[in-house]
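This structure is in structure tokens; I'll ask about it shortly.
Just so it is clear, A, B, C and D label the chains in written order, and each chain counts residues from 1 on its own.
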Amino acid sequence: MFKNRLEAFTDGVLAIIITIMVLELKVPHGGDFESLKPLLPVFGSYVLSFIYIAIYWNNHHHMMQTVNHVSGRILWANMHLLFWLSLIPFVTGWMGENHFTNATLSLYGVVLLGAAIAYFILQKFIIESHGKDAILAKALGNDVKGKISPVLYVLGIVFAFVNAWISGAIYILVAIIWLIPDMRIEKAIKEQKK
Amino acid sequence: MFKNRLEAFTDGVLAIIITIMVLELKVPHGGDFESLKPLLPVFGSYVLSFIYIAIYWNNHHHMMQTVNHVSGRILWANMHLLFWLSLIPFVTGWMGENHFTNATLSLYGVVLLGAAIAYFILQKFIIESHGKDAILAKALGNDVKGKISPVLYVLGIVFAFVNAWISGAIYILVAIIWLIPDMRIEKAIKEQKK
Amino acid sequence: MFKNRLEAFTDGVLAIIITIMVLELKVPHGGDFESLKPLLPVFGSYVLSFIYIAIYWNNHHHMMQTVNHVSGRILWANMHLLFWLSLIPFVTGWMGENHFTNATLSLYGVVLLGAAIAYFILQKFIIESHGKDAILAKALGNDVKGKISPVLYVLGIVFAFVNAWISGAIYILVAIIWLIPDMRIEKAIKEQKK
Amino acid sequence: MFKNRLEAFTDGVLAIIITIMVLELKVPHGGDFESLKPLLPVFGSYVLSFIYIAIYWNNHHHMMQTVNHVSGRILWANMHLLFWLSLIPFVTGWMGENHFTNATLSLYGVVLLGAAIAYFILQKFIIESHGKDAILAKALGNDVKGKISPVLYVLGIVFAFVNAWISGAIYILVAIIWLIPDMRIEKAIKEQKK
């Protein structure tokens, strides 16, 4: 039952994050298409962040399916993850409104990196409390995606100061990597049931 | 269980969308009725969008009742739908605050069209993963409403540049079409149970 | 199951309404207590509206406990209620920021009246679809509170143009009437179980 | 079932509170790191309040696990708690934007004190309605944390007018006290099951 409430709380926070981001798209005073132009970069960063939150929601759901009991450590690791994700609307708006300057691009990467580390810690705690033979441990295997993402975020942060396009491309690349269907956990759950 | 969480997340996002739209009704500084006048077009567009979100919530619920298992494709098709719906508060505010200029009316139609196409794709994926004999496939039949709506949205977008009243009337017409009780899915579920 | 999702959606909307109202309490630029003074009327109207939303949540919950099946009519009557309640943050902010002028006080009453009528319609539809012997019908009895509230709201709207204090006092009075514990539905449910 | 809906409503309100606080982090117009500097105090107060809301969510969840039936008194005591917590985004923003002046620090303490008293009342009502031998009563024991917190908040309020650093340190101290794992209720539930 605790697990259900933790999921419901996480769902609520993610639903609000994904929706209030759109508030950064400030309604322009002009009523012609010209007035929308300045909003295009904000819109672009909104689309990227929307996809990131959706990925986190999806991964979080799959991971929680393998959880039997929620300890205090898991609870706080989850709160830690939500903290980083709660900063995404801010960095999204900052990045979009200032046309992807190097400072804004690097901070965007820092928040993504923080969320990735928080997710990694949460995953570690869940595996530790469920045993090495648990579904999640088996499903993750080498966890290539989980290991390569933080490296790419660091690259994105560094390249933010060199070339904004490369930095942005790296953040988009990570999103694409995660969008590619990942059946590991679903498979592991099915095999467990056999 | 995944289905329940997907529904809960969708409910959360729709509940937030329908409620933050009212934030576009900016509290005026004057305390007399005169100060409310400039808000009337914003209020009008709010009412229309409120009804649209309510219709989507209602249809989404009925459709999900026929779903047994949620695949990755269905999940992402649902996220795609939420993306378009998340833009409704923005286009609603833009349209209302700029007194239904042709640009704002056409963008409103584009977002409604995007949401309709996203809904159509979601419906298609659900039918495909449940078989042609599934409840949803039977319930939809010819799916006149689903097919006529995108056509009307396109008409609304085109007429936005000709006559704002016709364009607005078309968007209201689509809402009315959907408000007319649609018992198809409810009937199909009942028949299935017999 | 539909009932559960309708409750969850309603809970979500009410939770958001009750929380975004506090956004009308705009953080003042000064850091001393003096800067808070202009916010006192906004705070007062916030407290009143918080209590009203809490009462609606409570009554809605009790009423839904008696519902077995949700028809399309009940769904739309519920959406109609949510529409009026969604306007409460706006009228609360308008009333508070303009120091309870007669126009703001009367509009506040109009929205409360609209919500009361919407609630009455919802109640009527639920009774009609569950039969005269249903729990809700028995529990309501003469429904004195439900009948006296709209009358008091109308009085509040009229007195808004005569004396702001009387008008405000009437709205506070209705809230107090509803805060007095009302065991009717709880009793009726218990008796049913015997 | 009422309990579930009360929990869901509370979760919703807390999820919104924790997320809209980040809206006080207003996106700066400059795109360099220099522009972020003025936001640091707001960010600091955000982190503290995030932790407080997370603690309340956690404690609330554990307390509700021991509840069998929800009376009208418990419902309203819960609403009273939510009222104080709903003020946290406001006092957080006020404190951060005005660089922890004594007035803002003391009001922050007043809201924390109000929430602590509201939580104490809620706890009292739950114990009273479940009997002295109930799980919650046993689990709390002397309830040192619950008794020491209000005292520390009062100290924080008083010291706000003497030394801002001491006042702030006290609020951080209370958060740390609560972050230290508290197994009382979990233990009591487990023992009950034996």
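The working rule: a residue touches a chain if its C-beta (ideal position, glycine included) is under 8 Å from a C-beta of that chain, and two chains touch if they have at least 3 such contacts.
Just so we're clear, the structure is a prediction, and the values are computed from it rather than from any experiment.
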Counting shared numbers against all numbers at the contact of chain C and chain D, is it over half, same, or under half, different? different
In terms of CA centroids, furthest away from chain A sits chain C
Determine how many degrees of rotation, between 0 and 180 and to the nearest 5, align the Cα atoms of chain A with the equivalent atoms in chain D. 90
Averaged over CA atoms, how far is the centre of chain A from the centre of chain B? Could you give it in whole Å? 27
Length of the line joining the C-alpha centres of chain A and chain C, rounded to whole Å: 38
Which chain A residues touch at least two other chains? 8, 12, 15-16, 20, 23
Which positions of chain B touch chain A when the two form their complex? 1-2, 5, 8-9, 12-13, 15-17, 20, 23-24, 72, 75-76, 79, 82-83, 86-87, 89-90, 93-94, 97-99, 101, 103-104, 107
Sites on chain D touched by chain A in the complex: 7-8, 11-12, 14-16, 18-20, 22-23, 25, 27-33, 36, 47, 50, 54, 57-58, 61, 65, 179, 181, 183
